[in-house]
Every structure is written in C-alpha cells, then in structure tokens.
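Some structures to go through are shown next.
Consider the two complexes below, in which subunit A is the common component and subunit B and subunit C are the respective partners.
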Partner chain A sequence: MTIERPWQRWLIRAGVFFAMALLCVPGLWVVLTAFRPNIEILARPPVWLPQNPTFDNFRGIFGLLPDQQQGLPVARYFLNSLVISLTSTFVAIVIGMMGGYAFARYRFKAKGALFVSFMLSRTVPGIALSLPLFIVWSRLGILDTSFGLILVYLAINIPFTIWLTDGFFRQIPVDLAEAAQIDGCTRWQAFWKVEFPLARSGLASAAIFAFLTSWNEYALASQLTRTTVSKTMPVGLMDFTAQFTVDWAGMSAMAVLIIIPALLLTFLVQKHLIAGLTFGGVK
Partner chain B sequence: MSFLRSPRAVPYLLLMPAIVVILAVIAVPLAVSLWSSFTPYQLTRPVTLFTFVGLRNYSRLLENTDFWWAFGRTILFITVTLNLELVLGLGLALLVNQITMGQRALRTIMMFPMMFSPILVGFQFKYILNDAVGLLNNALFDLGLITQPIPWLVEGTLANLSIMAAEIWMSTSVFAILLLSGLLALPKEPIEAAKVDGCNAVQTFRHITLPFLMPFIFIAMTIRSLDVARAYDMVRIMTNGGPAGRTELLWTLMARVGYQNSQMGMANAMGYVSILLSLVFTLYFYRKLVAARRYMGGVE
Partner chain C sequence: MAQVKLRKISKRYGNLETVHGIDLDIAHNEFVVLVGPSGCGKSTTLRMIAGLEEISGGEIVIGDRVVNALPPRERNISMVFQNYALYPHMTVRENLGFGLKIAGEAPSEIERRVAEASAILGLDPFLDRLPAQLSGGQRQRVAMGRAIVRNPDVFLFDEPLSNLDAKLRGQMRVEIKKLHQRVKTTVVYVTHDQIEAMTLADRIVIMRDGRIEQVGTPQEVFEAPDNLFVAGFIGSPPMNQIDATYRASDGAAVLQDGLAIPLHRSGLVDGQPIVVGFRPDALAPKGHALFADNRRLSFDRTVTLAEPLGTETILFLPLSGKEIQARMLNPRVVAPGETLAFELDLGSVHVFDKASGKRIGGRSWQGLHASN
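Take a look at the complex of A and B:
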C-alpha cells in the first residue's frame, strides 16, 4: 500500500497534521490559560496568546498572593495524591507480580476462571463500587482516610498489573530460569537473578500505569474522601467550581499541576506500555 | 497442612494476596451492594439497611422514566463513542502508518490524551465549550461564522454531542495506538503477494490487513469496555447530567440518587444494572478476542 503520487502524500500529511492539532490544542489551551491573568481570560474580543504571562495563578492556588487571606489546601492535596498513589502502586506491583508470575509459570486448577475473574473485577464502574464501599468504609471507620483509598486503588491496580506482568514473564523463556536451577540456584534465587532483571522494564511500565490510574482517579476518591485529610488532586479540582461561577485561572493552574507528573511518567514508558498491552493480549 | 508445603500449593500461595485484596475491596462490597439493593436503605436512617423489601427497588426502577432515559442514553453513548473511536482510531493509525519520517514523535503525541485524567478532559472541554469565554465560540466569532454564542453545554442535544466529542477525544488514541502497533507487526509478504495477484488497495485492506488487525481491535475494545465508566468523571464536571437531566447517564443518575438523595438501596439497584452492562460488554469483546487469537494461532 505505498502511495506514489505526490498529491496523495500531501493529503496524508495534511490529515495527520489536522488530527495531531485536534489532539494537542485543547491541552495546550488550558496550559496557556494557566499563565494568563484573569482579565485576559474574560477579555472580549478574546486575547489569543498571553500578553502578560504570569505565575500568579499558581501562587494563588497555594495561597501565596499578598492580598489573599487563605488559599485552597492544594499543597496538602498534592501530598495526599502523592502518598496514596505511590503506596498503592508499590504494593500493587509486589502483589501483582506474584500473581502474574503464578499465571505465567504454573499450571493449576481454575487458572482460566481465576484470570477472567480478576479481569472482570476491573469492569465494575467506579461510581457503582463507591456506593457499597461508602457504606462499608464508614462502618469500618476508614472513610476519609488515606489508608481506605490506598486499599481501593490496590484492588483496582492489581488485576491490570497481573495482566501486564503475566505477558512480560511469558516472553522470558522458561529455559533461562531452569538453567539457573540446574546450576544450583533455588527457584527463588533463579527468579531474582534471572527472571526479575529481564522483566524489570516491563514491571516499571506496569508501575507507572498503576501510578497514573491512582493519580487520575476521581469517581471513587470523590465519595470516599471528604476533607483535606485525604482529598486528592482530582477531587480538589472541583473546589474551584461553585454553583454558577468557575475559577478558570485557578482550575487551569491546578490542571497543569495534575498533568505534569502524568506527562513525564508516560513519556518514560510509552514503548513498553504498548508492547505490554499487545503481547499480553495477542500471544 | 501438607498441601501448603507441597509444590502444587505454590501458585495459590502466590495468588493469595491478590485474591484477598479483591475479595475485601470488590467482592464483599458487591455482596453488600446486592443486599442493600433489596432494602430501602437510606444513609440518613441506618436501620433501614435491615429491612428486606425484595425486588421493590428493581420494580420501581423499571417504572421510572428517568432511569430508562438514562439507561437508553448510556447505551447510545457507549455504542456511538466506541464505534466512532474505532473508525477514527483505525483511520488515524492508517494515516500515521504511511508517514515514515518522525513516526515516533507522532506516536508520542497520540499518547497525549491517554495521560489526561478524565476529570481534566471534562474540565478542558467545559472551558473550551463555554459559551462566554470558550475557545470554540471565540474562534467561530473571529472567523465570522456565528453572531450569537452557541450554548454547547446548555442546550440538551448539543450537550449530548459535546460529551460524546469529549469522550471520543479522550479515547480514540487507545485505538489508534494499539492498531498502529498491529499495522507495524503486519507481515509484508501476504500484501506483496496480493498485489502480484492484482488486488487493489481496498481489496488488500479488506482481505489481508483487516483480518490481521482483528485481534488488536478486540484488545482495544476489551480495554475500552473495562474503563468505559470513566466517562462519569468527565460528564460530572462538564454538565453533571444537566441541563434538566438531558445528559444524565446511568452513572451520574446513580450518584445523584445515592449521595444527594441518600437513597442508597435504590442507587445500588442501579449500580447493579450498570455493573451487568459493563460485564456484558467486556465479556462479549473478551470472547471475540479469544476467538480471534485462536484463529490467528491456526493461521500461523
């Protein structure tokens, strides 16, 4: 399917350019807004490029502007998000790796059924799961705690981690670990010395995927967290909307803070992630 | 206890922590949810959790027009967005596949919407589509295409189209990226052979490229049907079901009934309907995926 004629090639380039513009412009527009003073956002006729770029919106959401009595507890939200996402990611990777290894290397009863059950546990819509969790968590007294949310994110991330790591471990030939065992390693040593190093990049991308899922999650967090004790960044974003008014500048600044870690991490692992998803599925 | 020490127990021991977490956080709450869907449970009156009313919540749901509207709208929303995402994603993958220079950069750009939290996608479109300060209306004004602001999120039909557009923006990349990696893995020989045999581009695509892509399409569909309820976050911030319930989906309705009206029993009944819906979608595509994989295995 090679395209010979030049006009066709230009048509394709134009199409790709148009699609990429559609994908980029909305996000870029929000980033630009984060650096605009409020007057410019509401200006009519509109101001396209920021004329007076400013960091005031960021100072504002952290309560650092001189004329401000009190800002929103965004620093606290950021810390909560970080602690909750990192903890749940780390534990999910450890537990998920064990599970993925079991699926990749052992034959056992009810294997297929277990695998599908893990997958299906992931299909429960967040908001539908939040209803009973709200009831149970409030009875257990872990509503509005980081621990409660970490536990939930664990359950969300484990199935996907199992799916990805199962794929990664299956790509590593069994012979390698067996050779190590013949050379006198125990299975445990063979795992850590041979298979784990080979699967490490795959595990890293599974970790980043889990981190992003927790970092970006809203439906469960919005109901299971109530106060600054455990509110995360996506929940905090809603603080900026009142019944009829929206603080566009503040929200855009907050949006930039949410997107930056996600952006950096995704670029790090994009290659492994795609490979993991497709190998896990096709082979 | 001898079973626990035997080699046969190893995989079960490895899976134990995962099973415990899933049971504690998903299975048990779902059981609670199922029970409470048979009670008139209200958050404000905890005693009501222990009053059994059988299928009353479900039969009330079946009579409730708001529920049926939300249900129908949700099905329509899922069907339209998934299909359009597939078509657009396939188109995008085919286009990018033709580009040789800078393809890696293009793939990176395609990942862009995937790292956005759905709540951020909702916010960004709420901002862009705002009738007073939004980018879209401003651009249309400056181009002289409109003289009155278009109320994208305020008028019912437009609001529905807007949330669909936002969903498509958010998830087309999933299809594009997975299908592109399928296209890159496509073996060259069958295509050359088809060309020698006189197939034109459309025939080659129809009979060789598309069948090869099928498993990739089903992977993308399975992944998407797993997280299709993420649309809740987006709709929550964009319209929250408004104006006057015109964009109410099953998920937003359930949140309103459960948390705002504190009718947890009723909300859980709705929750179960939404869970079944997701299950059916996922199982359907998963089975297709397994079948396609087996077919591929047979060919190779």
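Take a look at the complex of A and C:
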C-alpha cells in the first residue's frame, strides 16, 4: 500500500463529506422539519435551522394540542409496526438460520438450484406481486390483518436470511462441530454450544436487515392493510395527505418516530453488525 | 483394555470407493501410525474410527464393542485435528474442560483434571487466553490437552504436526512420544511424513489408494519392504531402484549398462525382469564404510553432485542410466566430476519382481544381517 499524501487525504475527506452530505441532507431536513412550526416549513426562502424549535408537531399527531379535536392513531400504528416487524424478524431468523445451516453443512438433492431460486425470488419487485397477493389474501380472509403482513415479510426475509447465514456458517470450520461431538456433544449440542455462538454476529446482522425491511416496507403494506387493525407506520404517513394539502409538519414528525427505533436498534447491535459484515475472524 | 479392530472396512462416496476393505488389529496401548501419500484414505479411515464418517462396509471394534452404529461421543475416543479445531470463543481453560463439562463432571473435578493436563503440557501461563492469542505450537498443545483430559480409550491424531514449522515439528514429535510413554493409551496417528511415522510408531501401516501396502514395526518396513512402493516411501533419501534382468548362469542381476550384481536369492528364473533396490547407506566410496569382504561389489563412478550435510555427504552418481544416491559417512570434500571407487553392500540389496512390484526372496537375506 502506498502512503497517502496530505493533499490526497484531504481530497478523500472532501469526497466522503460530499457523498455523505448528499445522502444525509434529505434525512436531516426531515428531522429538522419535524421540530419547526408550519410557518417556517412553508417559508421562502427556506429557513435552515429551526428558529422556534417546537414539539407541537409530535403533540399534534397524538392529538394532544388544545385546539385539536382528534389526532391520528399513531400509537396503534406504532404497535402494529412493532408486532409485525419483530414477529416476522424472529420467525425469519429462526427458519432462515436453520435453512442457512442446512445449505452450509449438508448435501442434498437440487441444493444449488434451490439456493439460486431463493435468490431469484429476490429479483421480483414486490410491488409486481401486490395485486395477486391482494386477491389471494382477500380470498383467504387475511387482508388487513397483522398475520397477512407478517406472512408477506417472512416470504421476503427468509430467503435473504438463508443466503446470509449460509455464508456465516460456511466460514465456521466444520472441524469445530466435529471436535465438539468427539468431546461428547450430540449434533444438536455441538450446534448450540459451538457453532451458534460463533455465528451470533452474523445472525445479529441478518436480524437487523430483516427488521429494517419489515419496518420500512411501504408498497405492499399500503395494498394489504386498510384500517388501524393492521396499518403500519409507513402506511400511516399517508394519513397526512389530504386531497389538496399535505401536512408536512405531521408527516415529518411521524417520519422521525419511524427512524428512531431503527436507529436505536442499529446502534445497539452495531458491534455485532460490523463483526458480522466483516466476518472471518474465526480462526 | 481398548484394542481397535478394523474388519474389511470400506468407504464409498456414491459410486466412488476410496477405502477398499481394510483389515487391521491394533493392540491395547499400541501406537500405530497410518502413513501414505496425500489422498490415500488415511483421514477417511481415522474418521470412520472416530465416528465422524459413516462406515460403508465392514466392522470397527473398539474395546470389545462393535461401534459402527455409535456416534462419536459414545466411542470414548478423542481426536486432535490438523488445524487443532480449538473453540475460538472459549479460553484455553474452557477448551480443556469442555468435554468434562458436557459429561457433567463436577466443577472441582474439572478444575483438577484441567490443571493436571495443563501441567503435563506446560499450558499454565496460557489458561485464560483465547486460542487466537496463542502461537501454533501452543495451540497444538491445547489440542492435545483437550484430548488427554478426558482419559479416552483411544487417541486419534490427524496430521497434528503438519501446520508447524520444521523445528517445532521436531520438538512436538518428541513431546508426543513422551506423552504416550506417560499417558499409556492406544493411539492411531495419521501422517504423510514417513519420518514422523518411523520415529513415533510401534507399528506402521503404509497405505496407498485406499489399501494397506504393508504393516510392520518401523524396522521391519525399513529393512524388509514388501514391495517397491513401500521401499520408495520409507527411508530418506529414498531407496535406489534400478531395472535389471536376472541371469541364472551366475545368479546375478544384470543392469542395462552391463554391470552384474551378484544376488543371493532363490525363486528367480533366467531372464526375469526385476528391480534391484538398495538404500544410499549400502553404497559408499571405498574406505568410508565397512562392508564384509565376501559380499561387496566395487565399481568406479564419476560424482555429479555432492550434498554435504555435516556428518555425512550425499553423493549423486549415474548408474545404468539413472541418477542414484550414495551416503558417505565421515565425509571429505568431493568436487562434482571427481571419479571415486564405490562399494556396494550386496547383503543389503533388495530384489523385486518388475511386473508385480513384490519383493522376491522374502527375508532370506536377513541372515546376512546377523548383527541386527
């Protein structure tokens, strides 16, 4: 590796800064907007930093402002999102982990074809399936239920989890489980005591991906949910658009509420996430 | 008592058979080494004994139980893997104690036995480290420690030294030998290194292409190789092997360049294509070896290369269209191109049938080696 000169380093930094700014400014704008009064939002030229920061937008969406008759069922949306995302993540990890392990460790018929077909299923844009899904779900009577949405997210997340965990398990030498069996473990114990702890980082990152996919998904959720029974946060965002107006303040406040749990979760497991994404430390 | 018996053991992967019906009896506390070139089925055989590989045919007996259907944990064996297979997320102490913990031993008992093994292998300073924080030799020791704490009936080793550098390999070889003297147990040890095999084994099993070529003590396989493969595999530098034809009129092997080597063998027919073999030790410049007068053959040859090794020098010389090697003890300086008078010890000449590669004449020549 050649050593970078100071001017090169600054060039790289400037480049990174520019790229990050491009990525972050829209998000930052949404966050800032969530804390502004409506006048500032509509001001022209735009006001960058909120001059009168306020929590009114948040109070507003929960219906806590004095002059407001009714808020939105945000708490309910939040709960729906949480239940649907956590359940689909948990189940996807359990099933995906078993699948990934099987692909990494066992030989069986049509293994390669099966693996590729899982991947190919990811190439279909979910929205293309929304109409067929809508019809089937309505026939099954699971339209506008959490269960219906969980099922859809499982279908999206399981192949991806299998693909990720297969890679993680592959990097754990087979010898370790064999050594454990010789040390007296059953196949099952060998998995839980040796292979599982070593794959934990990988599983954590797979879980994050699965959670974020479900948490942020909009296209399918907007078709398959109708009422507060199952509407999720991203779908709820649309409540802020009326026929002729958009309540930008409320929408931004809600967007912040969507971002926070995702951000929190990512921070909580970021150590694992990095270890998981830069796997290969097992040796 | 833990003898190990292999009865017509075979291994098939689909239609491909890689181990072809091996028979082997290993006695209680015996140190047996399976040796052979890479891919000859040593690991597969060992893994079948361990229970890590399904047995396609035949029977394996450990102690007095047929173990074919038993999982590894019920065979009371332990194994040291080529890459050590230490649990990366456990400290050395936990690695050593893992098997005992699984077996449900009391913590005090685990501690006592881990301490014991650690003392034997000199691991005390490393007990709280993770495997990643150890050198290759230390990891190797932990792997052995993990194997001995459980007091198994049989130790299995799969090329345990092949990831170490040459010097460490030599040290660990000695340690393994000492360990076996101390912890008397039946050992099956796999290696492709014939020196390891010779130095460690009570008995050597030489394998090729999923078959056993010869079983014997290190001395037996060295001094009386059953066939050309064993003759070429065991011993370093390898045995010189030269094509010849048997001439009944004077009982000699005639080489392609006309040199006649008198043989003391029966069971040969005139004109039979044979291979004569002799180790570099059996060939030396005049005055550098004491071969008996009545059974030595002298000829002059020009040395093409001299490889000084300190106490000895390996000389390369042409014979019958091949380059062969001679070992000169108490060496003097030899320049390439120098012509020397060589002496061949006829008592150490091996004869093999060219067609089958099998040794001819059994060990009849051993009578000449009375000093052994």
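Throughout what follows, the second predicted complex is superposed on the first by the 249 of 283 C-alpha atoms of A that agree within 3 Å, B and C clash if a C-alpha of one lies under 4 Å from a C-alpha of the other, contacts with A are read in each partner's own complex, and residues count from 1 in each chain.
FYI, a residue touches a chain if its C-beta (ideal position, glycine included) is under 8 Å from a C-beta of that chain, and two chains touch if they have at least 3 such contacts.
Predicted, not measured: the structure shown is a model, and the values here were computed from it.
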* Return fit or clash for subunit B versus subunit C, each positioned on subunit A through the superposition. => fit
* Structure fact -> Quick note, subunit A centre (C-alpha) to subunit B and to subunit C: the enclosed angle in degrees to the nearest 10 is 90
* Which of subunit B and subunit C A:42 touches, first, second, both or neither -> first
* Answer with first, second, both or neither: which of subunit B and subunit C does A:145 touch in the superposed model? => neither
* Determine, under the contact definition given at the top, whether A:184 touches first (subunit B), second (subunit C), both, or neither. => second
* subunit B versus subunit C as contact partner of A:201, first or second or both or neither -> neither
* To do: Could you say whether A:248 touches subunit B, subunit C, both of them, or neither, answering first, second, both or neither?
  => first
* Asked: Should A:175 be classified as contacting the first partner (subunit B), the second (subunit C), both, or neither?
  -> second
* For the overlay built on chain A, what is the smallest gap between any CA atom of subunit B and any CA atom of subunit C, in Å? -> 10
* Asked: Same subunit A residues contacting subunit B and subunit C, which ones?
  -> 281-282
* To do: Name, in rising order, each residue of subunit C that touches subunit A in their complex.
  => 50-52, 71-73, 77-79, 81, 83, 85-89, 98-99, 102-103, 132, 146, 150
* subunit B to subunit A touching residues, read off their complex -> 8, 10-12, 14-15, 17-19, 21-22, 24-30, 32-33, 36, 41, 49, 92, 95-96, 98-99, 106-120, 123-128, 132-133, 135, 138, 141-142, 169, 173, 177-178, 181-182, 185, 191, 201, 204-205, 209, 215-216, 218-219, 222-223, 225-226, 229-230, 232-233, 236-237, 251, 254-255, 258-259, 264, 267-268, 270-272, 274-275, 278-279, 281-283, 286, 289, 293, 296
* Note which residues of subunit A are touching subunit B in the complex, please. => 1, 3, 9, 12-13, 15-16, 19-20, 22-27, 29-30, 33, 41-42, 45-46, 95-96, 98-99, 101-103, 105-106, 108, 111, 114, 116-136, 151-152, 154-155, 158-159, 162, 212, 215-219, 222-223, 234, 237-238, 241, 246, 248, 251-252, 255, 258-259, 262-263, 265-267, 270, 274-275, 277-278, 281-282
* For subunit A, which residues are in contact with subunit C within the complex? -> 173, 175-176, 178-187, 189, 193-194, 197-198, 281-283
